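What follows is a single structure, written as structure tokens, with notes after it.
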Amino acid sequence: SPGSDSPGNQNDRSSAPDSRELQPVTVMLDWTPNTNHTGLYVARDKGWYADEGLQVDIVEPTEGGTTQLVATGKAQFGVSYQEDVTQARASDVPVVSIAAVIQHNTSGFASLKDKGITRAHQMENKRYGGWGSPSEEAVLKAVMENDGGDFGKVQILNIGSADFFTAVERDVDFAWIYYGWTGIEAEQRGLKLNFLELSELEPALDYYTPVLITSEQLIKDNPEFVEKFMRATAKGYEYAIKQPDEAARILLKNVPELNEQLVLASQRYLSPRYRDDAARWGEQNPQVWERYAGWMYQHKLLPKMIDTKKAFTNEFLSE
Amino acid sequence: MAEIFMEDVTKTFSVNGVLLSVLDGVTVQVEEGEFVSLIGPSGCGKSTLFNIICGLTTPDRGRVLLGGHDNVPAGEVVSYMPQKDLLLPWRTVLDNVILARRAVGRERAAVQSEARELMPLFGLTGFENSYPAELSGGMRQRAALMRTVLARQRVLLLDEPLGALDAITRTRMQQWLLKVWNNFKQAVFFVTHDIDEAIFLSDRVYVLTSRPAKVCLHLSVSLPRPRRAKLVTAPSFLALKKEIMRALQVQ
Amino acid sequence: MAEIFMEDVTKTFSVNGVLLSVLDGVTVQVEEGEFVSLIGPSGCGKSTLFNIICGLTTPDRGRVLLGGHDNVPAGEVVSYMPQKDLLLPWRTVLDNVILARRAVGRERAAVQSEARELMPLFGLTGFENSYPAELSGGMRQRAALMRTVLARQRVLLLDEPLGALDAITRTRMQQWLLKVWNNFKQAVFFVTHDIDEAIFLSDRVYVLTSRPAKVCLHLSVSLPRPRRAKLVTAPSFLALKKEIMRALQVQ
Amino acid sequence: MSRLNQADRPVNMGDKLWPALFCLLAFFLAWEAGVRLLDIKPYILPALSQVLNTLGDMLPLLARHSQSTLLEAVTGLAAAVGVALVLAALMDLHPWIRQGIYPLLVVSQTVPIISIAPLFIIWFGYGILPKVVVVALVCFFPVVVSLVEGMQSADCDMVNLLRVMGYSRWQVIRLVRFPAALPSFFAGLKIAGTYSVMGAVIGEWLGAVNGLGVFMTRATHAYQLDRVFAAILIIILVSLLIYAVIELLAHLAMPWYYNERRDD
Amino acid sequence: MSRLNQADRPVNMGDKLWPALFCLLAFFLAWEAGVRLLDIKPYILPALSQVLNTLGDMLPLLARHSQSTLLEAVTGLAAAVGVALVLAALMDLHPWIRQGIYPLLVVSQTVPIISIAPLFIIWFGYGILPKVVVVALVCFFPVVVSLVEGMQSADCDMVNLLRVMGYSRWQVIRLVRFPAALPSFFAGLKIAGTYSVMGAVIGEWLGAVNGLGVFMTRATHAYQLDRVFAAILIIILVSLLIYAVIELLAHLAMPWYYNERRDD
């Protein structure tokens, strides 16, 4: 077996895995650790990264900094979403999406039941709590106009760091949430929501969120390294798909600050959605990329159209 | 009737539980239009005595009569000039000197024109609109004295008004002070450390012992007025000086 | 050979472009072991003169010889006590008084034990390890003087060392100062505003005019030593006093 | 006699501007040269020239956003002064009140505002109010500290003197304690003014419709760092503007404090 | 003779703690009662009792996170002091240097750190370094200002006196200028210390693995406000701890400053 040639090495090995041989890797998340990231934690906890010779640090992000930091190599991998990658590439930030964590967009517009927003046109004369993404207005406009609504009648507010629940407490009628986290929390609280899933409102908006990204440079210089990382990561997500409760406990063990009930419920919601209808976990469809980038360009959200073939790759997915 | 009459005044301070006996049965009085000095070592309780007259401190024992009456507000009888000049830095000289007079509710314009007329006597002409920070030490003292005099009360309490000045300026200011006193005829109760100064200015001198202060000498100064600076070398002056020095044990 | 010899020293300051003539041809000298006073109105330039001796200010014109030599570092001949006591607040009394002596590189323990022995003479026994903030004004002045004396230089420059004290404490300190001087036999160059003080302490007195300062009177004080406090009322003393008062125009 | 309160005088920024401008120029040059020579990507650190270019292009938009921010900063500052006046007056009433409140104020400064942001939103909504509150929270502390210290610096003997003269308690406060506190108050206000715009930007970051904070968030999400830096330049300029206005007010309110001592 | 530098003395938090404790208790009672009486939802404002409960439960976890944060805060504070010493020494060299640097330092305080956060990570990585840098940025300003003012407060005549005695330029700095700056330095350091933990938390918010900032972000995003408040209590405690240590150091370093004047 490797490393058994020197007695000194053996000594080390008997006490702890030889960390000197492991290659340090930094993964920067897109938000606080949550069930979107379960696969990463599982792979690390099960020692699958170590098996590939990697020592993975999972770092929580700077506000809006993940993509730049991955592009500059400060983190080798990051968690992002398709819109962000598209924006970044249009601004010549050289990042590449290497896996779709969830096959379909589980985000959408949520509001308290009594606001009566069951269709997109009912957003008229309501107040929307946004978070400063450049595409928000275009998305709202598109989905409302699809439903015969007048976008001009929506009042948009940046709710910044406040969460959905505090925001809808008084000043906001609806906001854009991930159902897998915030929607589940609402269920936990027994709060009745109307939820309009984005992918149903406008097919072009069924983009990948979140995705794993890395830099063009790294792919060029060290594809084996990316492959190793992705092999273990995929194993992690496969495990999470098969064993939601076990996976959730691993996440909780690593991030004990989280709310146990929320994580468990969220994981049960999300596990079947990681792979969903795709052949394998992480698969990205060129059409999805082309369709969404085109949509963004049409809506003048991009300074220029991007070459979507360079924006993502499936080459690091196993099998 | 004495303007100020204090009998057997005694005061003990308590600082962090430690008792500090400051005045021990002090009896002094100031008659109408008289110039009386109080001389005593540093920290013996002279300022405390003045504070008692002003009602800022209450004595433990003893009687204080102002203008023959018990319980009159001090401000209606005396005008006080503390050891520091205490000019308000944010007011011009003119507004500072009328401060005491304005307190009794006089009209501002009238008081101001009254003050303007007196500026030459106090050597402050041209500085009416200056702030105190722009004045020299001697000028500040003169402004503070002017404020005290302008209150036009029957007694001036002056607590070491010349203490901050150098000896030469001080000698000049003493002569000027007598001129002012002559002009306004108010009674003056004057605190000093300086033996020459006390004799030179006063009709009577009280000498206090160190803490707790008692009157250890009470002296009438019957030198003729007006007095000139060279009086301090006159034999009659020196006899008084020797007596005070002996009382203060500085021989 | 004079310890200090200044000839025709002239100094003009320029403050924001305005020229301020401070010293105008001053000639003074201090002989070995002599006590010489300099008296003059406030702001006439006495401290400036001392600064020139110490090398902190360079004169515009004139000659300064220390111990008969040009260009010696002032610190090797004179020991300077400025107008403020300038004790270092962060050093104990003991460490403050040895400061000057340590500057010339003496061993600390030796200097300290030397200082300890002298504490009684300076009335500081028991306060060796106190910080300056814990001392009274008189004690601070004595500590500052001790630091100056302990430097053991041939001349002490004392700039109004008793100026901050009240008149009564001051009179006591004058007598004590003479005792110390008698003990150490260093020459003393002494600045004061107080005519009595100058005569009482000195062998010779220089009187300066107001700014720009010139020597307007140079007086030998041939009163016998040791001198007692009551000397200030002696006729021979008063004759000198009158002469100085006339020179200073305070009559 | 030395200048009143000389030690308290703040270092005067307006005294000699040349050395500062020189340093600023050097800094700008280093920035531009650094970016060019090290070939730093514009999404990491844009060159100064690019930032200035963007600043020029975006001026109307930035001006509009600045208006909201400036309004929030100034309103917040005014609120801070109001709160500080009340608190300082309270603490001046009795040493016990001071000893009770003061340490709590110090402690309150250790709480990171961002962590209680949600409470702000719930209490104050998304209008101008929460921003004003954040600005006031950031600014009131230096003002209240300087006010308390200023009022304490009023000479007791001066107060006594005026009491003997026959002035009432409130007249004495107006005549002595209040003016005595002014230099210290303005020193604190200058510090607060410097921080006020930053406070407003943080407040906007908690949620807003308009303002430089919103502008910066949007630009960050669109990878337009040149715009972010243009906004930072504007923030600095607006802060300096507020500082200058306070300096001016101080000169108007305290001529006696700035007048030079004349020799007699 | 009055106490040296009396006016400069910072309000001493340790003097009389009772009134402060009383106010604190009142505040706590109001909080608990308010939440109970108004029936405020725990995800909007948890009751104090609940927060304390959570604090008890989470103590081991909080202790672990506090360690990182404390380490960052103290290291950052030390770095701030180092930078401040260098800057202050520089500014002490010549008034021009001071006039050149000082206004820029003031200006630098107007830049919201959060807006240049990504730059920090790029320059300093994810380790402890960027947090230390943020703490140092938050803390160095009060320290440098107090140092500069402290060194300027050294009495010129004292310096001259020692020069005449024959001490060298550097000896005089050691004997006079440095000790003279100490009281002011410690006053500034106390302010900086109060802010240091908050700085570390903000630093962690820029991207971290451990620390109270991470804990709070996670708790916020998992909608557990009781945990957020438990962390805030810990932040306050750690801040007070740092304050107390600085106070102790000040007493050790400047016995002469705290000794009471005895009457002779």
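Order as written gives the chain letters A, B, C, D and E; numbering starts at 1 within each chain.
Here, a contact is a pair of C-beta atoms (placed from the backbone, for glycine too) under 8 Å apart; a residue touches a chain by one contact, two chains touch by 3 or more.
The structure displayed is predicted, hence computed values, not measured ones.
Participant: Minimal path length between chain A and chain B through chains that touch?
Facilitator: So the least number of steps between the two chains is 2.
Participant: Please report the smallest number of touch steps linking chain A to chain E.
Facilitator: The least step count works out to 1.
Participant: Suppose chain centres are the mean of their C-alpha atoms. Which chain sits farthest from chain E?
Facilitator: B
Participant: Which two chains have the most contacts between them?
Facilitator: After counting contacts between each pair of chains, the winner is D-E.
Participant: So which chain is the furthest away from chain C, centre to centre on CA atoms?
Facilitator: The chain farthest from chain C, judged by C-alpha centres, is A.
Participant: What is the distance in Å between the mean C-alpha positions of chain D and chain E?
Facilitator: Comparing mean C-alpha positions, chain E is 19 Å from chain D.
Participant: Averaging only over C-alpha atoms, locate the centres of chain C and chain E and give their separation in whole Å.
Facilitator: Comparing mean C-alpha positions, chain E is 47 Å from chain C.
Participant: Take the average of all CA coordinates in chain C, do the same for chain D, and state the distance between these two points in whole angstrom.
Facilitator: The computed centroid separation for chain C versus chain D comes out at 50 Å.
Participant: For chain A and chain D, what's the span in angstrom between their mean Cα positions?
Facilitator: 40
Participant: In chain C, what residues contact two or more other chains?
Facilitator: Residues: none.
Participant: Pull out every residue in chain D that's touching 2 or more other chains.
Facilitator: Residues 44, 114, 118, 122, 205, 220.
Participant: Any chance you could list the residues of chain A touching two or more other chains?
Facilitator: 63-64, 68, 72, 163, 166, 169, in rising order.
Participant: Touching pairs of chains, all of them, please.
Facilitator: Every pair of chains in contact is listed here: A-D, A-E, B-C, B-D, C-E, D-E.
Participant: Where on chain E is chain C touching in the complex?
Facilitator: 1, 3-5, 155, 157-158, 160-167, 175-176, 179-180, 182, 254-257, 259-264
Participant: Would you tell me which residues of chain A are touching chain D in their complex?
Facilitator: Contact set of chain A toward chain D: 63-64, 67-68, 71-72, 84, 87-88, 91-93, 129, 132-134, 156-163, 166-167, 169-172.
Participant: List the residues on chain B that touch chain D in their complex, please.
Facilitator: Residues 51, 54-56, 73-76, 78-80, 82, 84, 86, 88-91, 99-100, 103-104, 130-140, 151 of chain B touch chain D in their complex.
Participant: In the complex, go through chain C and note every residue touching chain B.
Facilitator: 40-42, 163, 166-169, 171-172, 192-196, 228-230, 232-233, 238, 241-242, 245, 248, 250-251
Participant: How about chain D: which of its residues touch chain A in the complex?
Facilitator: Checking each residue of chain D against chain A gives 41-44, 114, 117-118, 121-122, 125-126, 204-209, 214, 217-218, 220-224.
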